[in-house]
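In the two complexes that follow, chain A is the common piece, with chain B as its partner first and chain C second.
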Partner chain A sequence: MMYVFNRNGVCLLYREWHRPLKTLDSQQDQKLMFGVLFSLKSFTTKMDPISAEKGSLGVPLLPGQGCSFHSFRTNTYKLSFMESPSGVKIILVTHPKCGDLRESLRYIYNIYVEYVMKNPLYAPGTAIKCELFNTKLDQYIRTIV
Partner chain B sequence: MAPVAPRSGEAVFASVERVNAELFTLTYGAIVRQLLTDLEEVEEVNKQLDQMGYNIGIRLIDEFLAKSNVSRCVDFKETAEVIAKVGLKMFLGVTASVTNWDADGSSCSLILEDNPLVDFVELPDTCQGLYYCNILNGVIRGALEMVSMKTEVNWVRDMLRGDDTYELRVKLLKQVPEEYPYKDDE
Partner chain C sequence: MAVTVAVYSLFIINKSGGLIFYKDYGSAGRMDTNDSLRLASLWHSMHAISQQLSPTVGCSGIELLQADTFDLHCFQSLTGTKFFVVCEPGRANMEALLKAIYELYTDFVLKNPFYEMEMPIRCELFDLNLSQAVQRDRPPVFPGR
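Now for the complex of A and B:
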């Protein structure tokens, strides 16, 4: 499964390739996902034992400031996350045995730039409806699975 | 696996696809000429160029971040350096130098020695108030807004008006951190 959010929490893209169980309706699901990641980022920055600068808990951070978490794994799935300094967040939920997907996430970000950002018919901040992007993405995902 | 290190401006410029410089200059010239014909008021044209630049900037930032792999800049000084050395190199093929920092580090000047947009251009007397490269103001403003910095960008010196170089003044108004967009009670 994959989600792409922009800096305001708008879910730009949601794709699923193999999801046997759906628990919430998609609006709730997306809000939950965004909320969890937002809080996790905040949490990981506060608990960072190395970096010196930390805001107080609850104060919103600039994207990219502080340390950034990149994945968590449970016994049934692994969630990988990447955030660009412009606030675009890419989330991939995969089988727990997948390796480090950071390079893949970077590659997906590049595809996003090429097919979505450069598309003059796409209005930034709305859901992505570019067929070419979807096709390219599907092709790429099949190669890494 | 360690994250990929940021690439220098030269490296990125060498790897992106390039278009003929003359085509680029002439296309930009045609845009400005058309705007002058449609709008007739020089101030209006300046505003339109800025708006066009803004729309370009908000998309350009993602491409810039994806290709050049820079991580988040810690402060405005670093941001200005990155724009001048990596950003301008990557998209225009020229670098700028950063000078004239003011006392609290929130405002600086970018000096461009040469500017591909203005090759072959001379301003006629009827367009004296025109900032020919105003699109660059918009691009920088739009791009920085997408990384949470509200800025104001102005031309200080412009070779088309008789000065000896191009100087852009970039001023940071404020940093806007991201807010949690959903209300807590939903």
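Now for the complex of A and C:
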């Protein structure tokens, strides 16, 4: 599966290619996902063993501020995460054996920039409904699976 | 000569999410008790929520979290007690270390007749053996440099 959120938590895109189990309806699922990412970012910034100066938990962090995680893995799935400097978050949920997907996420971000941001009919902050973006995305995902 | 530590810190949480053991082996930001308690509870909740986000059945929670400056390995026993270590990125053999720590826990904590279940761990022998197990895992230090 794939999620794209903007900096305010609005889910711009949700794509599903293979999902046998759905525990919540899509609205709740997206809100939960965003909440988990927010908390995990807060957690990793606080846990960071390298930097001595840390803010307190629960303070909203700017993109790029503090240490951020890029993936986590459980026994049934692997979640890869990337945040752009503008606050756009891209999440890919894959099989646990997948390797490091940071390059793929960066490529997907580039596809987003080309086909969505440069589309004059797209209003930022709304759900993505661009045909070309969807086809390009599907093509790319097929190559990495 | 500065010694590099592979394992930065270790946390043990009981099945209700309370922190029962925290040891810091050399991170730059040593945490005070309140912060470590908060982080432990946060991790407990994140671990539980990650099971809800799973696209397939049978998820047992986060096993590995990868961030920019550290990795976090988590092991959950059958009783619900979680052991997690914060270590440097890309370090191998952490699963084995966690299993070894679990064995030490059963030997020196659970078999201790004065230890109350779910309470903070105050067993000297456990601390001693734990330090030995963690030091054994250090990257080799070359003498005479």
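A few remarks follow.
Note that in this section the second predicted complex is superposed on the first by the 144 of 145 C-alpha atoms of A that agree within 3 Å, B and C clash if a C-alpha of one lies under 4 Å from a C-alpha of the other, contacts with A are read in each partner's own complex, and residues count from 1 in each chain.
Note that contacts are C-beta pairs under 8 Å (C-beta built on N, C-alpha and C of every residue); 3 or more make two chains touch, one makes a residue touch a chain.
In this text the structure is predicted, and so the values were computed from the model without any measurement.
Within the superposed three-chain model, A:Val88 lies in touch with chain B and out of touch with chain C [touch as defined at top].
Applying the stated contact rule after C-alpha superposition, one finds that A:Phe38 touches chain B and leaves chain C untouched. When the two structures are aligned on the shared chain, A:Arg106 is found in touch with chain B, with no touch to chain C. If you count the residues of chain A touched by chain B and by chain C, you find the higher number for C. In the superposed model, A:Phe133 lies in contact with neither chain B nor chain C. Looking at the shared chain after the overlay, A:Lys118 reaches chain B, while chain C stays out of its contact range. In the superposed model, A:Ser71 lies in contact with chain C only, and not with chain B.
Contacts of chain A with chain B, set against its contacts with chain C after fitting on chain A, share not one residue.
Those residues of chain B that touch chain A in the complex are listed here as 1, 3-4, 58-59, 61-63, 65-67, 69-73, 146-148, 175, 177-182, 186. Residue ranges of chain A in contact with chain C, taken from their complex: 1, 18-21, 23-24, 29, 32-33, 36, 39-40, 42-44, 46-54, 57, 67-77, 79, 93. Put simply, chain A touches chain B in their complex at residues 7-9, 31, 34-35, 38, 59-65, 84-88, 100, 102-103, 106, 109-110, 112-113, 117-118, 124. Those residues of chain C whose C-beta lies close enough to touch chain A in the complex are 8-9, 26-29, 35, 38-39, 42-43, 45-46, 49-70, 72, 86.
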